[in-house]
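In the two assemblies presented below, chain A is common to both, partnered first by chain B and then by chain C.
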Partner chain A sequence: MPVREPVLTEKMPTLTINGMTVDVPQGTSILNAAKDVGVEIPHYCYHPKLSIAGNCRMCLVEVEKFPKLQTACSTVVSDGMVVRTDTEKVRKAVTGVLELMLIHHPIDCPICDQAGECGLQNYYMKFGLHKSRYDLEDKVHKKKVQDIGGQIVLDAERCILCSRCVRFLDEVTGTRELNFFNRGDHSEISIFPGRPLDNDYTGNLADICPVGALTSKDFRFKCRVWFLKAFDSICTGCSKGCNVDAHHKGDILYRLKPRWNDAVNQAWMCDFGRLTYKAMNEARLLTPFVREGGARKVAPWGSLLPDVAFRLKSAADKGGTDRVAVIASPQSSNEELYLLRRLATELLGTKNLAFTYRVAGDGFADDFLIRADKNPNARGAQLLGIPDGAAFDALVSRIADGGIDALLVFGNGIGALSEEETAALLAKVPFVAQVGTNEGPVSKAATAVLPSASVAERAGTFTNHAGRVQRFRFGFPARGKAKNPIEILVSLGNRLGAGWTFAGEASVFKAIAETETPFTGMSYDSIGMFGQEIAK
Partner chain B sequence: MTIGVKKVARPREMSFSESLYLVEIVKGLGVTMGHMLSNIVRQEGIKTIEYPEVRRVMPPRFRGRHRLMKREDGTPRCVACYCCATACPAKCITIVAGESPDPGVEKYPVRFDIDMLRCVFCGMCVEACPCDAIRMDTGWFTPPDDTREKLIFTIDTLLEK
Partner chain C sequence: METVLTTHFANERYRLLDTYRRYGGYEALKKAFAMDPGGIIDEVKKANLRGRGGAGFPAGVKWGFLPKDLSRPRVLVVNADEGEPGTFKDRVIMTRGPHLLIEGIVISCFALRAYACWIYIRGEFVREARIMDEAIAEAYAAGFLGKNILGSGFDLDVTVHRGAGAYICGEETSLINSLEGKRGWPRLKPPFPASVGAFGLPTIVNNVETIADIPWIVTHGGETFAALGVEKNGGTRLIGVSGAVNRPGVYELAAGTNLKEIIYTHAGGIKDGKKLKAVIPGGSSTPVLRPDEIDVSYDIESMAKIGTMAGSGGVIVIPEGTCMVRALSVLMNFYAHESCGQCTPCREGTGWLKKIVGRIEAGKGRKGDVELILDLCDNMMGRTICPLSEAAVMPAQSFIWKFREEFDRHIGEQKCPYGNRF
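And now, the complex of A and B:
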């Protein structure tokens, strides 16, 4: 791409932007230097994670001694440069460029999902506010509502030809499905005939498209973006631990968008991960219940928790501690796994504690973001000393042999076991208590079901495959009668005689940082927005 | 600066005849009788109307119950942009958008409910509508009903008028 080669000198160049002087590293563009001093330069085609195209012409600025206006995104600063973005000449040029882009725009904001987060709307209000000089009848019409595969709907009419999508598919996925076709007014982006989008990162196209040309098929017409609120979360789709912004309205999640973290997912996330929010909306376990003679009977928390604690304790007292077992879940946070491990080993005194990262379905992986391990916190469970692999297989065969009288299961399924296999396995155990978020094989067979808050409804930390501890935040109160698993574990633990005074995930993490070697010295503050690697 | 003191007129004391009330009652009855007699003589001057057989004509800009407009082909003009629901200060409009089978329309309201019990008849929805799809020009109030559910007007009710 045509970027002017900077003349390298030792010194950091000093330049003046709108009268403010700033030192920036060699090779910085004017656009980024301006960002440093808080001057906003409008842009469409520039994206920090993609190559520089310089074709939208929105970022024109005036540079002293240059005869013409320069594009701020592709002009590298040099020492003594004097840049102005607030002159009449710049203003006129930017407004002109915007008017040119809007000439053939259909202005169908009422039916456009991008409305509210649209680059054209935002910059029109800031730099445009002009009356259209082009008659509606004269506009060039292009094909709307094109399903181009993946998670994307293309509306060629709304496109401003910034080429972000083309560069993304060229440089990030390397699949090159989109390109420009035709010339002049009739230029449009499109797929090649019969070759739809075929990669696992199509959802990002909707994110990087500054206008409504590429929108999400999944989010289409679901909700207006100005109703949505966002909170920081972590994708639970695999062990990569992509940072996400979860968008919700009330207690319904509508979409996940990648949150920038250069150490993990940069600015992207995969299509599977994007759809993981659905499990937090649908088929949720919302009321605690017990199963009596095959029928579900709603049980209040007040009586269910003591009951579960009593059944676990009495099984351990009667048949010995090796008649009690606990299956942990790599979907749980570090805090929950820590409490669960202490509950199993210290309070129940059993060695039958294990987890598995195996899940039903394929372990599809690639060399970018998708990992074969489809759980967010298998690494955390390992680091907290919960055995897996052979220990899990041994525990399952022990259950199958009828060697367990009381079982506490975390998670909605047991490993990769099917519904029938799970039912057959759990039928061997007289008492099965489950803490889970969704209807699944376990909730259909468990004796007592304790509904748990979803990732959006609680907070904590996950440890990703690389040992990076990352926080996910509380979004909204738990739906129905679901409870935070930490609350459930503390309540069960105290009924088993623990005397825990943990209140919330922060106090549990403090205890982890004090006693668990891999997490030594960590705190929620040190983890911060972008996570922290465990000490090697 | 001192605080200004404003003199307020106090109610004057009643005179002796007023404190007896009797004279005042007779005066009041006189007014009533006067109206009754004048209504018997000139019936066209009667202020009350025989509702609901007779209805008052509302001024042209009266904001009454809503209606949704139709296109020429009978489909709702509304494109489910949520502008009215966003502008509504009473949060009484519920819209669920759907994909229209007509590609020229794209988006249409699957559900469009107005909770008439919550509506404050401010007219913001009409102001906000970019398609002139919602109007409050029916010239009439929300008719009373006996359950709350019946007063949540659905898209079919709103399209009728």
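And now, the complex of A and C:
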């Protein structure tokens, strides 16, 4: 059954909910209409992005002229409807359903990852608070800790059989791995024997499960959720630009969860993207260093930045601007790419500027969220006038031919080049400065390494494949001695005579909006929470 | 007394097409083809034909729910799942007069402009399914099914689909899901099957007996049929009497026959000269009656007035000496086993009821258990997508309301006073 979308018509049915009057578009459910007047109707099986199941029976409300209580999720409002959620009858029904949901529940909250964000805990505190009338020895036991494939562990005992997961796999991925087995209070969800979860979106199951039945293998036992703080970010796993909530404790990221944006990823994200946070915790470049005689030597920022600026400048001065080159990265933000372009073309005066979105891998893409371009901002780089494709290949051959004396590289690797190929290529250049976040092929070969803040440690905008400009927010201060690349670029630029007064990404974006045609008229305000498409 | 269905059931060869035709079989069909489809529906409305599956919904009204436009093909599904404990009338129709059902199907489909019909038959009915298949093959061979039936230009295909043994698949939307190859879970309504039913098509689901009544209605007219019964409840009913009676079996009686007369006259009274203790009047889910309540007209309205139902026509007679707690315990085991597991109150509630009633019967009941059952019943009643939850609650409540002292004795004495052991 398709999701029922409210149909906007001129006639808006007016109804009253707990005495408050509200008018809503035709086709709206009572549950959604109630949200408009701030009335919370408890529910488990209802999910805005899935079809209506109406089987948890938590959202029962009293509707005048109906003899029985109605499910608010499935009952469409009509003009003049009178709904009450605050009567004794409704309260008893909701508490009664909740009691029934809990009778077989193992109540193992102390060892459950869902604790703190669990629908059963939350509603028990709000609508339950009853003493158990059910005998411990009467509980039906089901199989716990089942690895059902993908990123998911299933605990059948905690399951309230709301069917969200079954509907997700039916309606969103179409892979239908989970289904119901057995009947009555022995019902449980499970995979078919020998057929584990086999799709690229399994992580979403843990998100939509309202209880602790489906939990994430990756997040399992890592952290209690109430210690986590969240900030708005953008997934850097590909050019789709899925909106995410990044959850962290201190300077450690623990998980990414999809943040709802109907224009991009709805309520979902892929399994690959979900694990991209790991790179922001592990194998990070945290200290600036230079390579002397093959050995790494820690270099203070105070001397390293002037040194890099000097080496770039002097190479241009001595051999000509043709002998200096800059490789940009589609992992950089619009703001960083804008400054880098100006640094290369205006300050160093070189035409040797290019990037590539090619990466090692199989180039897998699907027709939903996963795109072959594994960078968040290749489109932004193109829109800001940084050449790719043939220009990049030409630049690489030029480097390989020994035509470059000083090279500034953004990013942890160069395109799809392997570690050996990168080392061989960079060996042709006397001076290589890198701005990167993680250990990788470039940091193993560069002459000077300038550690960059990760996406979680800085802010800015990415332009996704469709030309949608989206903000990612600052989560927490950069780890170690890593620096915001904008700061690095402004510092280098000013040492090359730019006279920039940019203070942070916001001021850079303002300049972009003033001078870069695709971005004309945009501002952080107009981009807002959900992004804004470039003018077509 | 005038009978509609069982007139020739004593003749075992009545199940064969030749014999059926010798008794005037398929003549109603010829008459129907000469009628206007809307005219047939009018006759069914006039007949006051109430659905025989249990809910007693007026069949003509149900037929009227089909969308007016004919842009989408319509289908008829015959509910032959007959799963309600105490009910065994549809199997008599299918084994004794399968062509009655087939003729009813063809006329109904012609009236509804349905091009296909499935007979969803319960999995346990192996013999019945075979007989239906044989009768359908005969009907195809004689041109009563298939293309251009009797030169009328009307085409119809009928398929027997066997269920896999689930009580819930007798519920019409669950039946449709099962027919489609899905898990037998009742569907959320609306949409009702008449607009979105089997395979997404406008669908009418009728009980076997309901459809088998149609040829008689066409032959004799709706008003004649209505006159057989009582006001709002036309025709006859097949009533299956089981339990402690001298002549258990299926009786075709006018709707509105007195229940006491059904038990004492038709079914021969209580076995072994015992006294009557209780009657479950319309299949296991209908509220139980005490002996002083059975002097009642066995029709839908009269039964509703005394707080019970004529249901699917399955009268279960319980004699003195029967432990009512044990009887309820058996029923609760059934509903706990058959709950499909979709809605929380039914899934968890039926299992809980089974456990509480079970422990009372086993002599382990506690003070407050009876109140707990009643409160639990209140939390289950009217809280689910389909009526299975209510089917479990109605016996539980009525057994307690009417035989409370037996529950209290079990709890007080901590044993079954009837000496039952599990």
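Heads up, the rule we're going with is that the second predicted complex is superposed on the first by the 526 of 536 C-alpha atoms of A that agree within 3 Å, B and C clash if a C-alpha of one lies under 4 Å from a C-alpha of the other, contacts with A are read in each partner's own complex, and residues count from 1 in each chain.
The definition used in the following text is that a contact is a pair of C-beta atoms (placed from the backbone, for glycine too) under 8 Å apart; a residue touches a chain by one contact, two chains touch by 3 or more.
Predicted, not measured: the structure shown is a model, and the values here were computed from it.
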Touched partner set for A:Ile160, first chain B, second chain C, both or neither: second
A:Phe221 touches, of chain B and chain C: first, second, both or neither? first
Touched chain A residues, chain B compared with chain C: C
Chain B versus chain C as contact partner of A:Glu99, first or second or both or neither: second
Touching partner for A:Leu69 - first (chain B), second (chain C), both, neither: second
Chain B versus chain C as contact partner of A:Lys49, first or second or both or neither: neither
Partner chain(s) touched by A:Lys144 [first = chain B, second = chain C, both, neither]: first
Partner chain(s) touched by A:Tyr134 [first = chain B, second = chain C, both, neither]: second
First (chain B), second (chain C), both or neither touched by A:Asp185: second
Partner chain(s) touched by A:Arg57 [first = chain B, second = chain C, both, neither]: second
Chain B contact footprint on chain A (complex, rising order): 108-111, 115, 144-145, 220-222, 224, 226-227
Chain B - residues contacting chain A, complex: 79-83, 86, 97-99, 103, 106-107, 130-131
Touch list for chain A against partner chain C, complex: 52-58, 60, 67-69, 71, 74, 92-93, 96-97, 99-101, 103-104, 133-135, 138, 140, 160-161, 163, 179-180, 182-187
Of all residues in chain C, those that touch chain A in their complex: 166, 168, 183, 185, 188, 336-345, 347-352, 355, 372, 378-379, 382-385
